[in-house]
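Worksheet: one structure, shown below.
Going by the order they are written in, the chains are A, B, C and D; count residues from 1 in each one.
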Amino acid sequence: MRAHSLALAAPLSAEDAAAQSMPDASPAKWHLAHTTWFFETFLLEAHEAGFAPFHPAFRVLFNSYYNGVGAKHPRPQRGLLTRPGLGEVLAYRAHVDAHMARLLSRAEEGSALGALVELGLQHEQQHQELLLTDVLHLFSCNPLAPAYRAPAPEPGTAAVPPLAWWEHPGGLVQIGHAGAGFAFDNELPRHAVHLAPHALADRLVSNAEFAAFLADGGYQRPELWLAEGWDWRTAQGITQPMYWRPAPAGGWKVFGLDGEQPLRPQAPVSQLSYFEADAYARWAGARLPTEAEWERAAVDTAVAAHGPGGGAHGLFGKVWQWTQSSYAPYPGFRTAPGAVGEYNGKFMVNQYVLRGSSCATPPGHARASYRNFFPATARWQFSGLRLARDL
Amino acid sequence: MRAHSLALAAPLSAEDAAAQSMPDASPAKWHLAHTTWFFETFLLEAHEAGFAPFHPAFRVLFNSYYNGVGAKHPRPQRGLLTRPGLGEVLAYRAHVDAHMARLLSRAEEGSALGALVELGLQHEQQHQELLLTDVLHLFSCNPLAPAYRAPAPEPGTAAVPPLAWWEHPGGLVQIGHAGAGFAFDNELPRHAVHLAPHALADRLVSNAEFAAFLADGGYQRPELWLAEGWDWRTAQGITQPMYWRPAPAGGWKVFGLDGEQPLRPQAPVSQLSYFEADAYARWAGARLPTEAEWERAAVDTAVAAHGPGGGAHGLFGKVWQWTQSSYAPYPGFRTAPGAVGEYNGKFMVNQYVLRGSSCATPPGHARASYRNFFPATARWQFSGLRLARDL
Amino acid sequence: MRAHSLALAAPLSAEDAAAQSMPDASPAKWHLAHTTWFFETFLLEAHEAGFAPFHPAFRVLFNSYYNGVGAKHPRPQRGLLTRPGLGEVLAYRAHVDAHMARLLSRAEEGSALGALVELGLQHEQQHQELLLTDVLHLFSCNPLAPAYRAPAPEPGTAAVPPLAWWEHPGGLVQIGHAGAGFAFDNELPRHAVHLAPHALADRLVSNAEFAAFLADGGYQRPELWLAEGWDWRTAQGITQPMYWRPAPAGGWKVFGLDGEQPLRPQAPVSQLSYFEADAYARWAGARLPTEAEWERAAVDTAVAAHGPGGGAHGLFGKVWQWTQSSYAPYPGFRTAPGAVGEYNGKFMVNQYVLRGSSCATPPGHARASYRNFFPATARWQFSGLRLARDL
Amino acid sequence: MRAHSLALAAPLSAEDAAAQSMPDASPAKWHLAHTTWFFETFLLEAHEAGFAPFHPAFRVLFNSYYNGVGAKHPRPQRGLLTRPGLGEVLAYRAHVDAHMARLLSRAEEGSALGALVELGLQHEQQHQELLLTDVLHLFSCNPLAPAYRAPAPEPGTAAVPPLAWWEHPGGLVQIGHAGAGFAFDNELPRHAVHLAPHALADRLVSNAEFAAFLADGGYQRPELWLAEGWDWRTAQGITQPMYWRPAPAGGWKVFGLDGEQPLRPQAPVSQLSYFEADAYARWAGARLPTEAEWERAAVDTAVAAHGPGGGAHGLFGKVWQWTQSSYAPYPGFRTAPGAVGEYNGKFMVNQYVLRGSSCATPPGHARASYRNFFPATARWQFSGLRLARDL
């Protein structure tokens, strides 16, 4: 998992890896360092005999938001840290990896370190996805429209299949993580939720469908939007998804990790904010699913495998799917003691849950109980939607 | 009900009634006019034969947020409308009342007007509470600390009773409006919710308890706060509830409708934001209730009468009680067709539900299924909290 | 002079007099109180035996910017002072006037009070003009377009005379106040300035001329603007003078103290910012005069009388005339000791000098050496321009 | 001169050269590219037969503010241009240098190219100084306090000599560029200015003197500040010069191109805003000089040589010296036709003139008639002051 981070950063120049295109995004170099800081701070500092920091200033520089650890470099100024350079950050990674290997080789069977290491690796996987979305945002600010990678072979021109609905009669269901595998604290405890009768679309909303929303004046009709979303749209002058650009010959180009490409009508619409997803759903005579509805459906759908493509239904591996559920603690939610407990709980306000996973999610990271979350205005993630409706 | 608005405005000078102390608040004169506009626009304009507006510009001036009606005067500039003067607004009220009386006297039995009239009156009651909270905010900005009314006779010095817990074993409960009386669309449909075992405090958090939180460094300890709340607190320099002011001799004064008064330790703490209420609950080893937990308890509590004082438990008539529930549609929620349908649904994002009612709520307006809502930063309402915890 | 303030406020309702339409403007009631505060603070408090304040809080409430006096109510919140009401402010005026009359009746011949009283009266005259410009701005924010006064009788349709140039060969001239009459400290000391050969237009730029600038794309051509002015114009979306409004039938209406009126082509253009005046001058192949050039011409022009209309040349009584001169101290400039010395000197940065006087300037207040000053973005004053050019 | 830019950038990593620490500053890489763009756009594009751009997008990417050239990349986003990389920008420089050499080798004797080439080189020298001040600002944002270069050998501990005054009786003097050498358009035309009797300090204000101002509460006393300066200071929380940092053992460290160093009492105070310089002068019972006073003194002072150290009087080569003169056109000022005429004139508003030169000014770039200019809040330049007073 650690090597995958390096592989993701490999196409980047030192300059690419250092820049920060907005306060919400972080430089790739910072992602590489912060994920290493996690191991150094929560594992080595706490458990290594004779621990000495790689660099005493890094404890502050690469602390993201853990007040329990102490001071933090201001988030909007991460892009000003031209020093340490990328080379030094790579050396930091190698140093911590070596010390971690030694620490683990000496750990007794059944020690408590395992859970923290697992958390550190899952944490790093989260940053692997952010590294990609943040690089994409950075490149989107460059008039040269640089591509992070070569375009994938054209995925064919198969038409989007007609939408079918997965109906559910409602009633009590259990949601939340079950079983022995890893889960974040926010997926627990498993608990009962009562659902009303409803239906979920069996596939994602496509670019072609979203283009029809645009063509129908979707961004100009306040009755389709939440009031706060409309005000935000108007103040920001938003008239289309974040990376859609008018093509000179008409229609749209879409900026992605493979640079500017013609809009692929059959691909799922992506980089939507909650407000845009919600407006689309209202236009379509539907609504966003709740996270419990989504999880129930994902568990019950045999094709929900996480493999390449995530199945024809797109539950996983395409785009994260906005739900109408505010990010909130499950009944009985508990945080871990100490700074590491600042992981999830303190963000449970004014954010909305996304479910599934995206094309940028590292393999093996997704599961049906996984709860991603972003503010309703966030639109630089691989985030789209699946429709739901009441029965 | 209409006369009550005039009674509330009676202590105000024309200047008091015209000023707007922040974009979230409105001048009292605007409240008087807008509630009248509701009747003129949705009743008279739609149903009166030969309708002629009292003043053609008022349709825009006093439209709050109904895009279906058309243009709106910008909200932050409501305080610049020195014309029409208070006298003309009172004439507007009398004119519309007279026309409404005539319209209703001619309406056939069982006409559809009744529901709209009821909505208009309930709407006006909501603005009656806002008129008071907005005047209080305006007066709080004046170094002269003017009092809206004389202090109530000192309510005695009875100590706050020890807190007891209402325990509930969890399971399926029904929430939402039931029966024939009036309810807003957001209280419907009535539906099942599954609760986990939990307990609710049998009374409100008091000023004395909140003062202990302050004395324990509650506003200086980030681990007690949601991350966004901490950032907001820090950026705004907030170190105590909005209307608490250091008393020269130590301790606190509290600014209220009766001006600056010594802090009443046994009174419920008020004018809290969600962030402050949540931080207090965490400090107290508890949490905020969900709105379903609250409603279940209110329905089951025999003493939940709406009468003066709202009962010893303070469910009603003291302070609104923040819940941890994001303001969201109930399963199967539907809005009314037309502009009047913009009443509630479009605000269902990034707001939190408050339950109960306050000392500023007009008599008869509260009920157990009522859902008030404000952003997490709102702190100029009569808003406090009741603790909850998991069992 | 004191009575004139009351006469100016007479057409205003209590609400009109209390509102503040932007931080740069003040409520009329505040002007009435602050000018009174000047006498109470600098005359009565300092010189009256047994002085007792009218209201102890007024010393802070109505202090504008005198740090030497102490704390100040925040400027952007002047409109929130609904108390004291207009009636109480008028009583404050009467109280201070009575005490001032008694103080002066007992003052010895040749006492130092006279200079301070004169300063207080000149100060009040300045606020009389501001009262008008601030009311005009307030009314301009009201969609009802209220008129402060009835329109003047149509001033005829005489065409604007062809522009002639007053040429000057350059050389040493003396500027600054001379003689025994009153002058502000910023008009002193009188001193020599060397002028290059130049010419000044013998009349003001008219509305018709400015409309030609608009018609020629003047607000869309960056090469006509100072860089900061262009950025300001673009950010603010400014496309015409502040109170020009498109007339439904084409052309322009202009909002003024007499409400919305058709543009009067022959009237001098008014309510211009420095940036707009400068851009117009560049478009016209000319420039703004320096303040020394202006003063020299005003002194030498026999027709520069201050009487009604200010003469055909419009030096006085029409619109203030922007000069290209930054507001700076004259060589040897000295401020008075004490708080009253904060009158002018501390504002001598990032402001530009306007010369002459306007239709809102009280009679007798103007003179050739008078230096008015505003930031380059200020556009709510009666400010226009007179062209100049190098010879 | 072109090679000097490369030498200045040599100590920087690719990351250092790409980052932008505030909108007012530019990345070093951008300085390298923009100075090259000047030659490509104004020389090669205009005069080279068969001109082909190095990269068609660079015309926009590296345009600073020349509206006559066309579109510009937004200034605050210069730091997001991770592509082109530093290597490509260096190739751009080599390409343009080679084409320029060929163009010049073919130019006829007496062609008009010479003046443009000279302007391009002088322009590049200006950016050489900015490159240093911008890197210094960037490094100041890094908690690691990186040093751009090794500290100079300790310059001795010679005490600051007592201040003497250069007195001048006043009268007519000539200022502005004279003679055949290069000058910017803003130094012309040479013209007469009348001076009042005055005196100028024969040396710069030192760090020790400025520390005494701090110790005397200089940053806490509004009476010492211009009103706008005081508001700015308060809003920004400014309590000392920009790069002064409290030393753990008391006293001050100063961040400079050689990293954090103990404050050198005898060195001239630097990195002052106009507001701070003005406040110091008022505290010292003096004032800032006018630019004409400064230029007269510099011309008359035999020791005003530009050599290392700039002479004991510090007229050149130490710190730029704020004058009280607003940046304004000289009488008869003319801009060049075309886009290159946007060089100076359009910035002549709301800026103040600095005279002399600094330790960061390239050798040979300074002269007595040189007019540098910055807004009154600018404090990241090597800017200090020399006192003046009236006689």
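Rule of thumb we're sticking to: a residue touches a chain if its C-beta (ideal position, glycine included) is under 8 Å from a C-beta of that chain, and two chains touch if they have at least 3 such contacts.
The model shown is predicted, which means the values in this text are computed figures rather than measured ones.
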item: Path length in steps (a step moves to a chain that is touched) from subunit B to subunit D; value: 2
item: From subunit A, the most remote chain by mean C-alpha position; value: C
item: Subunit A and subunit B, separation of their C-alpha mean positions in angstrom; value: 36
item: Chain centre separation (subunit A, subunit C; CA means) in Å; value: 57
item: Centre distance in Å when subunit B and subunit C are each reduced to the mean of their C-alpha atoms; value: 45
item: Chain pairs in mutual contact under the definition given at the outset; value: A-B, A-D, B-C, C-D
item: List of subunit A residues in touch with subunit D within their complex; value: 13-19, 21, 57, 60-61, 73, 77, 79-86, 138, 141-144, 146
item: In the complex, subunit A residues that touch subunit B; value: 65, 67-68, 172, 191-196, 198, 222-223, 225-230, 274-275, 278, 287, 324-326, 328-329, 331-332, 342, 346-350, 376, 390
